[in-house]
Every structure is written in C-alpha cells, then in structure tokens.
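Let me begin by handing over the structure; questions about it come next.
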C-alpha cells in the first residue's frame, strides 16, 4: 500500500546516517555533491530532523568544460542544495514529497552575512524559461526566532493548484554549522577553489610567470 | 608500584610533544585523527596544561563507505575529541584516569559561535542505546571567566557510584586557537571537505556536467 | 559595422556563463586565473551585471621561480583582477572598452576589512616606472549605499585627454560573496597556500625536522 | 668596506620581491616556510617596508616524525616567523642586524583575536633551557595607533650589554592581511591541516571505519 520511500529517524540513530541510503539510490544524481579526491563522488549531507519536516543541505560543485585552447572554464556555477522532507509520523520523513531549493552563489552570500535578528527571502521560478513562467513560485524564507531561525520553503503551483509549505526550526548551533559549512563551500561552488589550487611543475611555473606579466601589463597599458 | 602511564610536562618541554607518546601507543586508535596526504595517520593534538588537569583536542575524521554504485558516502560523521587528564603532581598528568568527550558537528557549531560572556553545556549519555541508559551522564560545560573560559567535564556514574569533575581554565588566546582550529576542522568532520575537493579529469568533467544539469532540473521540475 | 565583442546578458542567462567565451578567447591571458589541480588553467570569474556596467572579479595566482638551490620562491605576488565593462544597450556589455584594476595583497586586506558604512579608495599609476609617470591615474573607490556598496573605477588619461568612470552598484549579498571569495583567495595570491600545502615523504620529513630545529635555533641564538 | 647584505627597496620595486634573494641564499634554512605541493620548499614572505625598519612574516610548518607503528606525529609545532630588519639608509635594510621572533600557535591565537584598540605583549627567553636563562629577553609588543598597530621587537641582552628596539607601524589593511594569513596558516602550523587532509583509498576507508567505531566506543565505555 505504501511503496514510497519512508525515512525513519530511529534507523538513522541506530546505523549512522544510512537514513538516506534508499533515497540516495533512487535520487542520487539529483542533489549529490560530486567529487572527492580519489574516490569518486562523495555524499555528505548535513541533515536536521525536526517535528514537522527534515532539512538536509549539501554542496553541488560547478561543472566545467574544456575549451579548444586546452583551458578549462566553469560552465555552470555550483549551488548549495536544500532538500526538505515532510514528516509522516514520528521520526519518519517522506522522500517522495521532498522539495528542493538550490541556493545560488549570491544567495549563499546573503545567507552567510545574515546578522542576528535579520531575515531574508529568495524567490525562484522553476519555469522561468518556458511559456509557463510565473505558474510555479518557490519562496525560501529565513526568519529569526529566539534560538536560531525558521527556514521555510513554500511552493505555490498554479497548474496543479497546490500550495505546500515546509518549515524547519534551526537552532543557533545548527545555523552556525550551516554558516561555516556554506562559507567553506562558497569558493568551491564558484570554481575559485579549482582555479587557485594549482599544481606547479616547471613548465606551468615558467608559463605562469609569463602570463602574469601580461596580466599586470594589461592594467598598466590602458 | 605505579605502572600506569604518567605524563610529565618537563618531558614535554624538553622533547617536543612526545609527552603523549606512551599514551598514544596504548590508546592510539581511540582518538587519533586519521589521515594525512601520503603518510598514514597523523597525530596533531592541541594540548593545554594547567594546574589541576590537561586538555587536549584533536579532530577525528568521518568514516566513509563505498556504495554498490561505486560512490562513497559518509558512514559516520567525525567529531572533535576532547581528552581531559587529571594532574597527579607538578606537571604530571594521569592518562589512566583520562576522560573523553566527543563534540558532534552541531556541538562544534555551538562552540565556535560562543560570544564573549556566553556559556553552554552539552550532555552525553554513553549508555543511551543500552538498558543502562541514564546511568552514566557526561556534562561538558563552557563558562566565561575574566580572561577566557573554564571548560569542565563532569562524569556522573550511578553504577560505579563515582562522580568526577575535571576543569581546565582556557585563556582567551587558547580559546581563539580552538575556535579557529574547530572552524577549520568543521567541514572536514562533516565530510564536506571530501565532497568538494574533487580531482577533475576529462571523464568526471563531462559526467559532472550531466549530473549538474539533472540537479538543476530537479529543482525546476517540481 | 560593429565587429567588436559585445556581451549579451540574455546569452548568459540561456547558456550558463558562456558570456565571456568570446572575450576569453581574445583576451584570455590578460586576467584569467591560472591553475587548477590537474586540468590546466581554470577560468572562474564572479560577474555582476548592472544597468550601466558589469564587474567581474577573479584571482590571479603568483608567479614562482626556481632558485639555483632547487627551492621555489614567489617571483611576483598574485592579485585579484577587477574587470569593468560599460553597458552598450540592454544587457550588452562592451569588452573593447573594458578597464582593469589589479588589487594587490594589501588592497585586498583593505577590502575584506571594510566595516558597514566604511569607504576606501586606491590609486594606481600604470606608467609609474616610465617617463610618463603621473599622466594616467586610475582610482578605484568603494562607497557604501543603503544596500551594499558602489564600486567605481575612474581612469584619467592626460595623454589621450580622456576621463572614464564606470560604476557598479554591488548589493550586500554580492559584496559578501566578494569578501568571502577574496578572503579565501588571499593566502593563494600571497603564495602562502603553496608554502603550507606540503607533500611529506620520509625525506622531507627528516629534512624539515632538521630545518625547523635551525629555525628555532635562529631565534634563540641571538 | 661593507660586505654585509644590504637590502634596497628600489631593487624590490623594480624586480618583484627579489629583495630577499641574497638574504635567502645565506640564511634560507633559518626561517623559510617549507613545503609546496610538488615543487620543494616555497618562500613566500609577506613584507612591510617602513621608514625605520622592515617586517616580514612567513609560516614555518611543523616537523613530523614517523613512529614505529607507521603512523606520523607532530614532533614540533610550526610557528609564524617574524623578521625585523633595521633601515640603514633610504629604503635599505640591514639583514645582518635582523632580529627574529617566532610566534607560537597560542601567540598566533592572541594575534588573530586582537580587537580594535587592543594591545598585547609576548616574552621569549631564548636561553631559557640553559644556565644563562634570563640573560636575554625578547619582547614583542603590538599596540594600536590611529590607523593600525605598532609592532615592536625589543631585545635586551645582559651578556652583550645591548638593548635593541625595532618598530614597524602596520596599517589597518596590512594588519588585516596578517590576520587573514595567520588564521589561514594556524591549522597548518598546528599540524591539523595534515591530519585532516587524508587521501582515502579502499583500505584506509575500511580501516577508518573500524577505528572510528573504537573512538566512539572509547567515550561511551567510561
């Protein structure tokens, strides 16, 4: 009767964070952080389980493409993916009804610079590029409470005539983890971590010397 | 008469931090930070020696497991391990009576967001999963003093009828080191450092492009 | 009639940040961040498109040279390169009229320590070393507004009798991204990221032990 | 008549930071930051040249040693080495009269947590372990001025009957660079960067799982 993936917190507590295992195996490619030095893609969600919903967050790295010149460029910036799952019983969360919100680089900038008592809201239109633009509206709101923030995702769908709202109260400590983790992830989802972590060999070294001289020259020449 | 491992600070001062060497060789696997690029596990405790007790702190990395798909996931999050040792003479600390407290990711979030004058307390029940739940209670408390914080660990054991309390006064400078080091370690014990430090090769690159497109699609499709 | 490279924001929105592709292929070496672990140079500009101009920022790594001893040293420190492009129509930016400003390590220090409401100004004379010193004057100014900062570049050229000013209003969130990204990049453009990310092998290990002892000795010997 | 190494700022301005080249070749091993991914030791001082003296700062990595078990441990923690050189003419600095001060991990903690208007002082006795303890006293003081801090090193030598004082006024921007660079370097000089940057392979992965379980067990078992 209920073949959909249900997540039980008790399972989670008994066996590490295997909670998402089933979920990952069906939806893995949708939000998993890619990468990891020499051992393929690594999944490392930070998850918060509360009474009415669970929130898990994870970085999604940028994608790169190789140019004809042999250089690499960021093709699409990464995001921090927020996944909300509604509770459907004590410590059980419904992955079929999960809702996603992908924080862009600039939205992450907003998030990490929130002062105590500040709030913010982000709006996404998933159908922006299509003829149904404006029919679905996602709103992520972050509002302060006495110990931390409420993080809510509202999805208003005019086509399906649905309006869902999932709210997770996040404690000050949990928010501090997110802020630190998002700050850490920011240069990675921008691609700066890739552009600055250079392996020098004699060739590159000589080359970069030359290039840099040109770079400086560019400013001076104008 | 006294075969137990005694640590002398004078030894420490004369020979680097070899102080823990004996201790490490008996208890190494219990709290050592695993890893290090190409040279096996690396032990790098930050230790504070005070009149009544010593406190040393070190990161413990998450454990990972490989999924059938070939991807890797965090199996158990890492911690920051705090080790307290009581003084048993001038600049000697007793490793046999050491007490451990493993700060979780969220507790580290609390720690690094402590403002001046703030205090906090964490409770662990080491027997939580057993029928003796509630019999042993560990309390870590962090309380401000004029120059820094008192960090205390209390272990109340109803079974052994013992109640131990170890307190280390931590200066503002030492606390700043911990805060900076814990902030640095946080994305590592969460597993985010592993999921973001990706070696790209042409394959992964093409692949991640595809995956990312799906990730974005996931948000938009709902 | 208009063969010069024009950048259209709509293109950007439709196809990731390919916007700079043409520009990159003509001017690549002038401001691209060099490096990336094992996949050649990586371009990862953070770009902000506003009504009158666009601003993109990217790190330029230091150049290194090998000494006769076999050691490596920083030959020229890196910079954060700021590139301004004037708008020439709705969401189109003119790369031919772009102006560059290379923030030095110390100027980056100013930038990341700006408090709310603070402002700062930097002056560069691109012809400083020549007999035309003083003829061209570049001024970068950062001034607060209600939600963020105005970042302006003025180039006064006495030789060409020109005076150009490009201003980009940067939101608080965008400024937070820059601050975080510049802070991340700082140890990389200084060369400290290279000097601290050491691969240890048994040799280096023994060697560094020796060296370090000498280092300490140096302080003590005086 | 004057064979001692004199550093001229003009040389520095004309040719990158080659200023220290001669100095490095005579004193290289005393304060150079060791390491760099695959290209030997890398020298990357951050130097500030002022009217009466120059100050350069650089990280010195910890030394490690291999234990019989095959594991690696920090043998001696790293430092941030401060080098002062007195001016001996316009933009010339005397390397023969340089004075060193090695900031320990905890002193770096003090440094990076200095608030605006705060000051601090550190005392080192280079002969502490010898029978001449107390004969030489080094004092590093950091005191606020209107735009930044004065950083002074005083070396009082009772044996040579000398008392030298070198002071460098450091601007707010330069201090921000130091604070950011020292914060970055801190986990490296502690050895935490080495203990957290682990290359996982299947073996280590399985092993770390086991180890971690024991780590957790250690806390719970008491």
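We just call them A, B, C and D in the order they show up, numbering each chain from 1.
Convention: a residue touches a chain if its C-beta (ideal position, glycine included) is under 8 Å from a C-beta of that chain, and two chains touch if they have at least 3 such contacts.
Computed from a predicted model, the values in this text were never measured in an experiment.
Compared with chain C, the chain whose C-alpha mean position is the greatest distance off is B. Under half of the residue numbers at the interface between copies chain B and chain D are found on both sides, making the touching surfaces mostly different.
Note: centroid distance chain B to chain C, computed from Cα atoms, is 37 Å. Here the CA centre of chain A is 26 Å from the CA centre of chain C. Multi-chain contact residues of chain D (touching two or more other chains): 36-39, 62, 64, 66, 72, 75-76, 193-194, 199-200, 202, 205.
Those residues of chain C lying in contact with chain A across their complex are 14, 16-18, 21, 24-25, 27-44, 46, 58-66, 72, 75-76, 78-79, 81, 99-102, 124, 126-127, 136, 138, 155, 171-177, 180-181, 184-185, 188, 193-194. Those residues of chain C whose C-beta lies close enough to touch chain D in the complex are 62, 64, 66-67, 69-77, 105-110, 112-113, 129, 183, 186-187, 190-200, 202, 204-205, 207-209, 211-222.
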